[in-house]
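These are the structures in question, set out in turn.
Here come two complexes built around chain A, the first alongside chain B, the second alongside chain C.
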Partner chain A sequence: MGRYVVRRLLQFIPTVLGTLFLLHYLTSVAIQFGGNPVRSLFGDRTPPPEQLRQMTEQFGLGDPCLTRKGDWCIELFGQRLQNIFLHFDFGQSLSPRRDVTAVLADALPYTIKLTLIAFVVEAIIGLSAGTLAGLRNGKFSDYVVRIATVLMISVPIFVSAVLAQKFIGVKFGNWLRTDLGAPDWLGRGLFGAAYKPEYPFISLILPGIVLGTLTIASTARLTRSSLLENLRADYVRTAKAKGLKSTRVVGVHTLRNSLIPVVTTLGLSIGAYMSGAVVTEGVFRVPGVGFTIFRAIGQGEPMVLLGITTVLVLIYLVLNLLVDLLYAVLDPRIRYE
Partner chain B sequence: MSDLTTAVTTAEPPPSTQAGPGSERSASLWADAGRELIRNPVFVVSSLYILVMASFAVVPKLWTQQDPQACNLNNSMLPMFTPGHWAGASQRGCDYWSHAVYGASPSLRIALLATLGIILIGMPLGILAGFYGGWVDAVISRLIDIVFALPFLLGALVILAMLRKYSIWTITLVLVVLGWTTLARIMRASVISAKSLDYVQAAKSLGASNSRLMFRHILPNAIAPVFVVATIALGGFVATEATLTFLGVGLQLPSVSWGLMISTHDDFIELAPHLTLVPVTLLVGTVLSFILIGDALRDALDPKLR
Partner chain C sequence: MRGISPMKMAVAATAVALFASGCQSSSEPEAGNDGGTLRVYATEPAGLMTGANDSPSIAVLRQLYAGLVEFDAKTGAVKMNLAQSIESTDNTTWTVKLKPGYTFDNGEALTADSFIEAWNWVAYGPNAQPNSYFMSHIIGYADTQSEDPDGTGPQKAPDPKSKTMSGLKKVDDNSFTVTLDKPFVGFPATVGYPGFFPLAKACLADAKKCNEHPIGNGRYKMEGDWKHNVEVKVVRSDSWKGDKGKSAAIQYKIYDKNTTGYADYQAGELDVFDNVPPANYKDAVAGYKDTLFEQASNSFTYVGFPLYDARFTNVKLRQAISLAIDRQQVIDKIFFGRFRAAEGVVSPNFQGARPGACANCKYDPAKAKQLLTEAGGWTGGKLTLWANAGAGHAEWLSAVGDQLKANLGIEYELNETLQFPQYLQTADDKKFTGMYRLGWNPDYPVLETYLAPLYGTGGSSNNSGYTNKEFDDLVTKGNGSKTLDEGIRFYQQAEDIIVRDLPVVPMWFGKTTVLYSKTVKGGIPYNTINGVELHNIQL
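Right, the complex of A and B next:
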């Protein structure tokens, strides 16, 4: 295990640097071809050159390499790395004028809560649907789960978010409140169209479920196929031959081994949640990281985006590293590869 | 790189020509798969749906005589089944059915171009990594890891927001740059498992050159999973394009696309639900069809299931 951890950590450093460089390079090329993004803050007005220069400088986009098409901007990358790892500085947002780290510190709790709800939804529904389908292979419930998962995969997250908001949040919520006289927490909180500060947890449940649907399908399908594979394994036959109850054979012996590959999809889920949060938080107005990104796009403030995305990518990489290590703890075959 | 990719595309035909019309009991993988697919109702229906959508994109005149840009504000948000505008009219008073028809084109074009792009990048890299192993594999696999570490949609968002030039080409480019990794991984794994098979070893011992081994022997037997992934990717790109448009970094008005139709009308869903539901149905149907075709292909191309 120790050797595996060391090897994995050694691989981790170049991956982090490589990914940050890729992000830096792609955005630099985008600026080189698209022109100074600060200009978009002024809309149609032509800003005074001095003000433009000053603001560009402030956002760390004053480097002349950003005007040379195809330049790798190595020096700028070095500067950014220094800012990130030595000064913990990810740039500034314009309105309100704050450090990106401060903006994130405010927004992150909402996103973490939302993601946890989504994760619980994914785990409960995904695992139970997958187990059901795996055990009833070829039967009716198997088909139901398979069809439902394909449908879920094909609905883009923004469609499910908009439909859930309008039909469950607005219509159903209004009906509950006006026609049934349901209490406020139910009609406006749980089935509300947007995040309500007075119900900090309840009003996150609907967006959380929407976010969770993003990964329920893949979890269910993976659980199903891995369960099917394991049910044919020798050790399951042995357990059955010993006369163990089928609940024990499935619940203790098979399921425990079948869930190991599901753990790896956790890492992938995190990436999907990060992208999905932009849409769900944008639609449901949850003041989290995703909404910050959503607003930054709308206000034409792409410089903040780079800072936030850099933080998110770092978080994503660290979490993925942890998931990999967890996988190695659970499955000895990985660490002795 | 370019002669490699042409070699890849020219290497594709052999498996299908083996199953020529003359051979009575042709047992090639592709002929068997084709026969099975024709009998699969899910595959047939999905393919027909995609064909209809493709004809929306290629010959929209076949489906509607109206010009999607000819709008009349008096017609704003007409309900469905109004004479002359059977799908109603948009908020700006444009005929909605013509929007639905013309809206297929950008989505499908971006999806097709992006899928071709990830095949052109992912396949050669996957073959090289799988075939040569060693440091070539190490370098390519690291590169895949690095690109894969950028969350797909988030990365596309940032780059497009920085570029601020939203056209079919820029969107496609960004999708390709960030999206080729899965295909390369599948190709690599598939080549590795085909490489160690007996007939490849036999060809090697007969003195076949590396390129012959790669393109004549390994590739035709390793390419099936790539087709499956590429088909599913088509659906994924349709969904991604619509999502990017919804977030404001995709196509912009006055372009006509399903994503734009949804994002401009979702606020009026109470007054005119059809303005959201029509494009949603077409969009979800397209993504669903591509995924079902991919699933059917996977089942048909896996001889172990027969």
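Right, the complex of A and C next:
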């Protein structure tokens, strides 16, 4: 097991380097073709060339390779890697001008909270809906789950986020707040139109649920089909024949085995949340990682993107490793040597 | 089952750690009932040092700091604020006398040094303040900028020669002199801009910290640090000696999307919301007409001619194009009346603006046709109309193009391929191959700010490449006048030349649209120069 973990950790290195290079190249090309992002800080006003050059250099964008279209900027990449990994210097964001590490430290807790809520929502609703549908195969509740999941999959998150904001946060929330006089935490916190710093957890629940709907459907579907398959397995029939209680047959024998593929999707869904967060956080004004990425793309800030992605990739890799290790917990037959 | 329990432990530990970090709460005390907390829509400021020049930063800086002068809400006239007097005999060397007894929030006395050091700091190149160029007319500015030895080469530029500008001289604690590189009668008006606000010594000692927690001298002071992407909160300052702010606190709630801001306004979370999304504008005007405030703002939109392109050098052609555009129709049809058609090239809010100054900005297709014929017709092939990508300019520009086609028979095409930075760079480099849209915002309430930078020979943002000695002379004469009123006469003559020669087609001036909450009493107080006066809003 220890050796397995070490091997996996070593695999992180090329993955992180590869991702970073891809991003470095894309952001460099964006500057080569889209122009120097520092120039747009001045807007319609032409800055004195000297001032523009000085600021460009300070933000680490002064390398001449950034003016040559298609250049790989290998030297700049080397410099950036050195700064990030040797000096722990992630550079500075353009507007406002801050250290990327500070930007990241501010943003990360929000996204972790949001992801956690989404994850819990996905796990609870997805697993129970899938189990229900699997056990009542072909019955009414099975059809309800199947139709609902198709609907969920077909509505993109930017639509569901805006709809939830408009109808739950504004319309329903206004009714709660003004007509019913609901308490503050309920009317403004839980059913608010956007994140509120005074309700740091409650006001994240609605965005978290929206984010969770991204993957509820696939989890429910997978649980259902996996459960159906196992219910027909020989060992389940044996268990039933032995006269075990049905709760034990389903709960211990069937579900546990059915969960192995589900755990994989649950693990992968963390990745989906990271991209879903770009939309959800933007719509609900949650100042997390997605919000920051979205802004950084809009303003063309390579250093912010590189810094955040490095951390995100690491989080994703670690979580995936945890998921793989979890298999051993669920299925004692699996051993890592 | 070896290996299981440590695994479970690890998973559980991770979960606990995530929860622990997730559940930190930061409850926030409500302000007392002495005016309440004004909740204002904002976007993330670029910085809270006085060198920032973006509107979200300025909205905060104007409450945190007080400058030498302020502007009359109605007329825009300059009123002394911290300054006792700003006087000059030759418009070049200005003597500033301060009213004694003012302090910063930390108790530090406000002296001539507070201004001199702040201005030097903003100017100093390595501090990379966007407002640095504001100081460029003070003698010695060039020495505070570093010169690159090898252009864009790898060598780092050396430090500038000097950290201070020789044009700023302290006389005593309450007075100093400013020497400009050339006479400018409007100087007292310029120092009302945030770039010229004073800074405390304690602030300059650690500028990075001060950026997160400014030490101001104005009506309001910082409460807590700047919570990035969440909020900036300021509370009424006891050390301010002038008229107090009406609300006890102002909370700038930071949004990234105006659609989210609009939803939050609808949900009753904002008292002042000034960024109605274009798509919601019609609904907002209809649904909130009792709590809607509109006022012409100073932001100017124009479509420039590249005069470096021989096809556009004929004045009559340019006049024909301007006369063939029905501005009001574009504003009504595409923007539902969100703008005010330009009647000149200076803001209608400014002292010295004249309604109807631009005869060539009216819609007169018959005259346009006649002028085009006199100019020898359009033989330049397809006329390209440029706009930056993805910013929603295509719709109105193609409406303009359609009008040119209908009224003058000029075929057009849109070029909306360049990203904003590249687009601006193309403008700087004078590489446009057709007409281009751009905008302008004034730096100070003197007509000159709409004239010299845009059309003066070598003007900082003269993107059309227009040059006219008569115009330059009139601006210089205006700058050298004895009084501002006298100067305005020359500036108006200069404007007459621009609306005749039309290096740009003036399109429209913006409108500020503010939605406010029902708790706001007495509507929105508006300053024609600074915009909404947040400190005068009564809850």
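Assorted remarks:
Just so it is clear, the second predicted complex is superposed on the first by the 304 of 337 C-alpha atoms of A that agree within 3 Å, B and C clash if a C-alpha of one lies under 4 Å from a C-alpha of the other, contacts with A are read in each partner's own complex, and residues count from 1 in each chain.
What we mean here is this: contacts are C-beta pairs under 8 Å (C-beta built on N, C-alpha and C of every residue); 3 or more make two chains touch, one makes a residue touch a chain.
All values reported here derive from a predicted model rather than from experimental measurement.
Ranking chain B and chain C by residues of chain A touched puts C first. In the superposition on chain A, A:238 makes contact with neither chain B nor chain C.
In the superposed model, A:157 makes contact with chain B only, not with chain C.
With both structures placed on the common chain, the touch criterion links A:279 to chain B but leaves chain C unconnected.
In the superposition on chain A, A:312 makes contact with chain B only, not with chain C. Once the two complexes are overlaid on the shared chain, A:35 sits against chain B and chain C alike. In the superposed model, A:47 lies in contact with chain C only, and not with chain B.
When the two complexes are overlaid on their common chain A, residue A:14 makes contact with chain B while staying clear of chain C.
Contacts of A:246 after superposition on the shared chain: neither chain B nor chain C is touched. Within the superposed three-chain model, A:141 lies out of touch with both chain B and chain C [touch as defined at top].
Put simply, chain A uses residues 33-35, 37, 40, 162, 166, 170, 282, 294, 300 to touch chain B in one complex and chain C in the other.
Of all the residues in chain B, the ones that touch chain A in their complex are 142-143, 145-147, 149-155, 157-165, 177, 235, 239-240, 242-243, 246-249, 262, 266, 269-270, 276, 280, 283-284, 287-288, 291-292, 295. The residues of chain A lying in touch with chain C in their complex are 1, 33-48, 50-51, 53-55, 57-58, 62-64, 67, 95-98, 103, 106-107, 109, 112-113, 116, 162, 165-166, 169-170, 173-174, 177-178, 188, 192-194, 196-198, 200-201, 282-285, 287, 291-292, 294-295, 300, 322, 325-326, 328-329, 332.
Note for the complex: chain A touches chain B at residues 11, 14-15, 18-19, 22-23, 26-27, 30-31, 33-35, 37, 40, 150-151, 153-159, 162-163, 166-167, 170-171, 271-272, 274-276, 278-279, 282, 293-294, 296-298, 300, 302, 305-306, 309, 312-313, 316-317, 320. Residue ranges of chain C in contact with chain A, taken from their complex: 1, 3-4, 7-8, 10-11, 14, 18-19, 21-28, 44-47, 54, 125-126, 128, 130, 132-133, 136, 145-148, 152-154, 156-157, 211, 227-231, 254-257, 259-260, 263-264, 266-269, 418-425, 427-428, 438-441, 453, 460-461, 463.
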